[in-house]
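The same subunit A turns up in both complexes below, where it pairs with subunit B and then with subunit C.
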Partner chain A sequence: MRMPLQVPQIILAALIAAFWGLAAASPNLDFRQLAGDGLLRIGMNGIFVLALVPPLRAGLGINFGLPLGFIAGLAGVVTAMELRQRGWSAGGWPEFTLAAALAVTAGAALGYGYARLLERVQGQELMVGFYVGLAAVAAMSIVWLIAPYRSPELIYPIGGQGLKQTIPLEGHFEKILDHWGWTGWPEGEPLAPGAARAPAEARPLVPAGLLGCWLAAGLALAGFLRTRAGIALSMAGGNPRFAHIAGAGVPPMRRLAVVLSTALAAFGMVVFVQSLGLVQLYKAPLGNTLPAVAAILIGGATLKRATVLQALVGAIFFQLLLVVSPPVINDLVQRYSAGRESLRALENLPDILRVLILNGFILYALTRGGPEEER
Partner chain B sequence: MTSPLPVVELRRIRKRFDQNEVLRGASLSLFPGEIHALIGENGAGKSTLMNILFGMPVIHRTGGYEGEIRIDGQPAEPRTPEQARALGLGMVHQEFQLIEGFTAAENIKLNREPLRGGLMGRLSSLCGGRLSRLETLDRRRLRGEARAALTRLGVEVPENRVIGELPVGHRQFVEIAREIDRRQVRALILDEPTAVLTESAAELLLRTLRALARSGAAVLLITHRLEEVKAVADRFTVLRDGEVVLSGSVAATSLETMAEAMCGRSLRADPRSGSAAAEDGAAIQGGSNPSAQTGRPLLLKLENLQVDMPGEAVRGADLEVRAGEILGIGGLAGQGKAGIAGGLFGLYPARGRAWLEGAPLPLGRPREALRRGLAFLPEDRRGTGLWLEETLALNMASSAMLVQGRFLRWPLLGPLSGLDRKALSRHARRWIEELDIRCEGPQDRPIRLSGGNQQKVALARVLALDPKLLFIAEPTRGIDIGAKERILRLLRDRNREKGTTVVMVSSELEELRQLCHRIAIISAGQVAGILPAGASPKEFGLLLGGKRRKEPDR
Partner chain C sequence: MSAGNRPPFRLDRLEPLLVPAVVFSISMIAFSFGKTPFSRLIVNLEQQFSRNVFLVLALIIPVVAGLGLNFAVVVGAMAGQLAILTAEDRGWSGGSGLLGALGLAVALGGLAGLPTGALLNRARGREMICGLIFGYFASGVYQFLLLILAGPVLPFSSQRLLLPSGVGLRSTLDLKSMGQAVPGLWAYLLLLGLAVLLLSWLFRTKLGQDWRAVGLNRHVAAVAGIAVERTRLLAMVFSTVLGAAGQVLYLQDFSTLNTYTQHDQVGFYAVAALLVGGATVQRATVLHAVLGTALFHLLILTAVPAMAQLVGNSQIEEYCRELFVFLIIGVSLVVHAWRAGRQST
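And then the complex of A and B:
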């Protein structure tokens, strides 16, 4: 717990550094764009990883119910957009703030209900959480269809009801955090695939606002964990029987952990959406849970203990690895498979690797941090 | 009765686990047709002796034993339970060894099922019996034989019912039926068979045992219920500290003599004489009369407390704790002494009523109990008493910080106030010095400390609360003698100087008698009686043995 970086993390760091070295050395790859991508993705997904910390510390294991928070976040965003359309809010920062406030409120409320459910299934939080996530996304798909949103931007043009699958955030608070950043190397080569964007819209190399928001959330969480409530929460996870007789109040602390996690996930979704520039509804929120889980595990957390630092480091490692490995491998394959048909099958390798890294880490952590390792 | 050849003869059996000698030359012989009672306190060596006789693997894993076992006069050395069974021994363990989802009949005939022959039977015999596991069972015969075994016991148990649906008493009979169903069983060993039974079921069991003995089997009954011994046994052996201290005919020996033999050594006539507690004890107690305690105000009252602690169930205990006293809670393992505090603090589901200083105290709400001046140091030091991976400083301050809001930097922020790490360290350093805790300082972790030092850290947590009433369970278990003395002295000083009321649960009667003013003995989940510390070993023995005091002292 005291040593944030253990052997697996050091090996990983070396691997990541090697990949980035290859990327820098390759003439075919745009290092500047890759680096920008990596930093952007760290900021976009980082808060999701942080959201996993409180339940892990409270002894609830990995919160596979994160989609509940994502749903709350999306609801906050679309509601804020609708309210803006009706003239109840200005665009830009007020709208973003409103979306975040609505998201956190909804996340806390959903989280509380979810926490009460988890109390009844003690010992099976992981599995139940997983299915709660799936079920909530499915249920919410119906809600998106019938909810009384009116704004033409949001709903299907034909039929006049039901939110669209994908809603662009243009003119609302698209990239409001990202834009507040350091552009760096302005005379760099043109951004090859993203060149469709107007140069003025070109995103900064270091999305300082986004990363700052992520780090601020991490600092706030770390600060909370050092307060009386935070210590009681960690105690409830570290040794529930001790926590019980010492007066920490185990069930309330577990509830608090789930509420915090869901609210953080909701806020994280607002940040994610502003960076993506799109609101993706229906089944989209399901895709964000496993990467977050893999990230915190890569950071060195186990089912029994997790720190904010591990969540921060994990987010960095995971995204850096994910961003750089497919193009580098692709590049290598292209360069060395020239003329050899048999290697053409390796084209899919990057995607396979992505899945392997993600699920492999989850599997690895689930098998070693399991309950049978307790004392 | 003493036919010339004993079925089982144990001669000068010795056994040590590491440094600990648990059997020091115990001998015992068991004759056909008799019921022999083996009596002793917890830890006297009864179970070890039986494990040796029954070839339990734990004995051989730990280096075997010395001495000789003779069965029917022939030297024998059972190394596995199967070998012991082949020698004609049967054993009924304290924990049932039955398969819940099988019927009673299937359990009785387990692994000895009659087979039907048929196609698989013929195939199997062609292969030299190697396929016997695949043969079909002859269910009718299986039922019939199980039925016969149960009838021999003289009990009505529906043999076709699944074990899980049978009451506990019936399960016990199924266990016994399984053991006697093997034709060659000539000696049956029962380990506290009545401990889990209701009174009527226990009576039926005892009658069954008598019938079994009449039919020629030898029965060895391990028990600590002296009245049971008196009721059924022909002869008895008392084991104490691994030695046989008394044996003979039950008819010729009084209950009191057995009780005294059972816990005689451990109790000096008056443990307080000469000790520092003597004058003080006399002052509080008004001599050795426990009723003098009624002069002090009532602090805690428990009424009909029932606690579902596995293995230590409390079944309707009533207890009064008076302000300023040290009350001991003693009793044999499994009788429920450990469950009382655990139930009060919600470690186990509990029912009943409690009052603290006259106001009702809800059960299982440790925060409220702590806030109102109760503190609890559980017996499970490593699992419950400490947060092993955290610092000593946080362990010691945790309750005071959580419940009383001490050691906080901005207390006005409530739950969001930060820890005052400096105050935490200061506090820890003070206790480390006061209790002489061997460690590397406040940032050390309990997981690295020895048992005695761990206990001191755990103690510091509850003492930091400055409680009115301290519940402390097995404070000296598994720790060295120096730490033990220090902890007991600390409790006594706290009681005398600050007037802290202490309720101490311990399985060591001697320790309770040294420290406490009064001692409540728990038996069968209830308070069997409360004795002054100076009461005679005989009185304690009788209460431990399950005999209720005639005159309630409340």
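And then the complex of A and C:
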């Protein structure tokens, strides 16, 4: 696999290296903890990035409709939690499996409908996908408010109806993947130098189960792309006419790509939620789409070409930047502002930087794909 | 909504009236179920209309010039916010203050429109999604200007605007001196008349004719000797300028500014309003914008409370409003793409 190294990627890599160098050099920052945070964020967001691979390969472009998968994932999680409360499922792994199964099923079903819609709007897939995502989140917000969930830990205390904005996963399957195979900190080792952290926040340095899950998803996707169906899928994007002659139908392959993408996004949301330890409903899922898109583009994907490796590398790069820039910039501000209140404004810089880099990469990709023939 | 956007099979003749008629009917049905008194509805509608119509007018030129729905109008909105913030900082007020703020908005909008147009020229066939993402990108630049440069670099000095540290602006501001600078409905109607005259005149100039030609067929226009890229760039500049002025007019009436988030939804709401008036991705007129603004806000003012009442949960209002907006835009895009696909096969 070729990894085209282009100027934006090189600049970004230099920026990331500089930030991590500063983090290592700073006396106030716990490098180990930061590295652990980085690994955690990579695992949490990695599957979202993988979900973008099939539609890109099948010639549908960036799937801005990822939120459709996210709401399927969230529906899987809250339904599993409700069923557990009603005694239909045990906690822990059975509940996690149930949530994932429900999420993937709902994701695949929604994905199929979405795929049929995209078939009819060729040339406008990006915009239509974007609005499908937005509309789905708004529609689902109404559903969250009126759906017949009854478990008291899920719904607002007054009115007996309406899921809460934020639902803790404690006692369900919180961090079940992150803590997989982990038996706790060795005796006597401080969790973080200087700071006593709450035991609930204690976590392994390397969230092995989470990273394993992400890599397994990546391997499975890469493996699938090497099967007959996977090759036909990529052919539908690379050379539709050739795909047609070779007997691989283009529409079914595109449909498959969208279903896969939406189901993966749904599964990714279950994984994300277990790591976060919180279910965030309503508008929260909208915030996960553009970072995933930026990540795969940072990994070197274009509107016409994407590989699993690019999705993996992109997730690593982007999350490494997001995790390290706020503490490093804040640390620098605190050390060199010498109490000058006015320099505190620079603490907003990481967030601004994130917005600029994220959207900058998307714009870069959108303006470099070459002019698309207008229909 | 779905009925209004059903692809036309035998209704081609009546089609331009279809969407407005359906939206009007839905609104009337919702109104008859709702509990809002008629006089209250009219007052609210008048207020929403006069606030929003100028932002919707700003979207016409890019549609005519073939750039589609201009979601990058948020860039203009941000320029307008910068202008009104400057005016507020200087303590400008009244009619002359408003003229000053509008003048500043025009200048800043023109400045912001140049990179927008240049970028969209590089994204032919993908202008809408590109404009949308550019709005988010510009939001980052705007935050940089107002959170970090305002104070030390940008000359803001009013303690009422600046954070206590002297750097960066407060996130919510009461527009005390710029508030309610337009005295009443007659003044809005006067301004609206001026804006409509300006647009109609623009479309009669050489530039306006070029916009039409480029919008109809870029290749033919190029062969006919029109500088296509420059024409498209100017379309974006004019749209951004109008958007900036529109946001100033909106804010002076609204009187409160959420400094960092006010512009976020401007594009979605304005585009939805234009579409409700019967415009499409490829066709928009002043009438579409004016009618659309009135009908869109009529729909929001009647159907949203009616839905909440139907469901028995007032919390759904916010999501309902968004759902309407996204469905209106989404369905219009689907119909546009569908029709384009049918024509090409």
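By definition in this document, the second predicted complex is superposed on the first by the 326 of 375 C-alpha atoms of A that agree within 3 Å, B and C clash if a C-alpha of one lies under 4 Å from a C-alpha of the other, contacts with A are read in each partner's own complex, and residues count from 1 in each chain.
One rule holds for everything that comes next: a contact is a pair of C-beta atoms (placed from the backbone, for glycine too) under 8 Å apart; a residue touches a chain by one contact, two chains touch by 3 or more.
Keep in mind that what you see is a predicted model, and the values were worked out from it rather than measured.
Student: Could you classify subunit B and subunit C on subunit A, in the superposed arrangement, as clash or fit?
Tutor: Fit: subunit B and subunit C sit side by side once superposed on subunit A.
Student: First (subunit B), second (subunit C), both or neither: which does A:Leu15 touch?
Tutor: A:Leu15 sits against neither subunit B nor subunit C.
Student: Using the touch definition from the top, say if A:Ala232 reaches subunit B (first), subunit C (second), both or neither.
Tutor: Only subunit B; A:Ala232 stays clear of subunit C.
Student: Go through the superposed model and pick first if A:Ala90 touches only subunit B, second if only subunit C, both, or neither.
Tutor: In the superposition, A:Ala90 touches no partner, neither subunit B nor subunit C.
Student: Of the two partners subunit B and subunit C, which one touches more residues belonging to subunit A?
Tutor: When the residues of subunit A touched by each partner are counted, C comes out ahead.
Student: Have a look at where A:Ala25 lands relative to subunit B and subunit C in the superposition and call it first, second, both or neither.
Tutor: neither
Student: For A:Ala216, is the partner it touches subunit B (first), subunit C (second), both, or none of the two (neither)?
Tutor: neither
Student: After the two structures are laid over each other on chain A, how near do the C-alpha atoms of subunit B and subunit C get, in Å?
Tutor: Between subunit B and subunit C, the minimum C-alpha distance equals 6 Å.
Student: Report, in rising order, the residues of subunit A that make contact with subunit B in one complex and with subunit C in the other.
Tutor: Touching subunit B and subunit C on subunit A: residues 375.
Student: Going by the contact rule at the top, pick out the subunit A residues touching subunit B in the complex.
Tutor: Those residues of subunit A that touch subunit B are 1, 224, 226-229, 231-232, 235, 238-239, 241-249, 375.
Student: Which residues of subunit C touch subunit A once you look at their complex with the stated criterion?
Tutor: 119, 122-126, 128-130, 132-134, 136-137, 139-141, 143-144, 147-148, 151-152, 163-168, 218, 311, 313, 315-316, 319-320, 322-323, 326-327, 329-330, 333-334, 336-338, 340-341, 343-344
Student: How about subunit A: which of its residues touch subunit C in the complex?
Tutor: 64, 117, 120-124, 126-128, 130-132, 134-135, 138-139, 141-142, 145-146, 159, 161-162, 282, 290, 341-346, 348-349, 351-352, 355-356, 359-360, 362-363, 366-367, 369, 371-375
Student: Mind pulling up the subunit B residues that touch subunit A in the complex?
Tutor: Listed in rising order, the residues are 345-347, 366-367, 370-371, 376, 378, 380, 382-390, 394, 398-399, 401-403, 405, 408, 413-419, 461.
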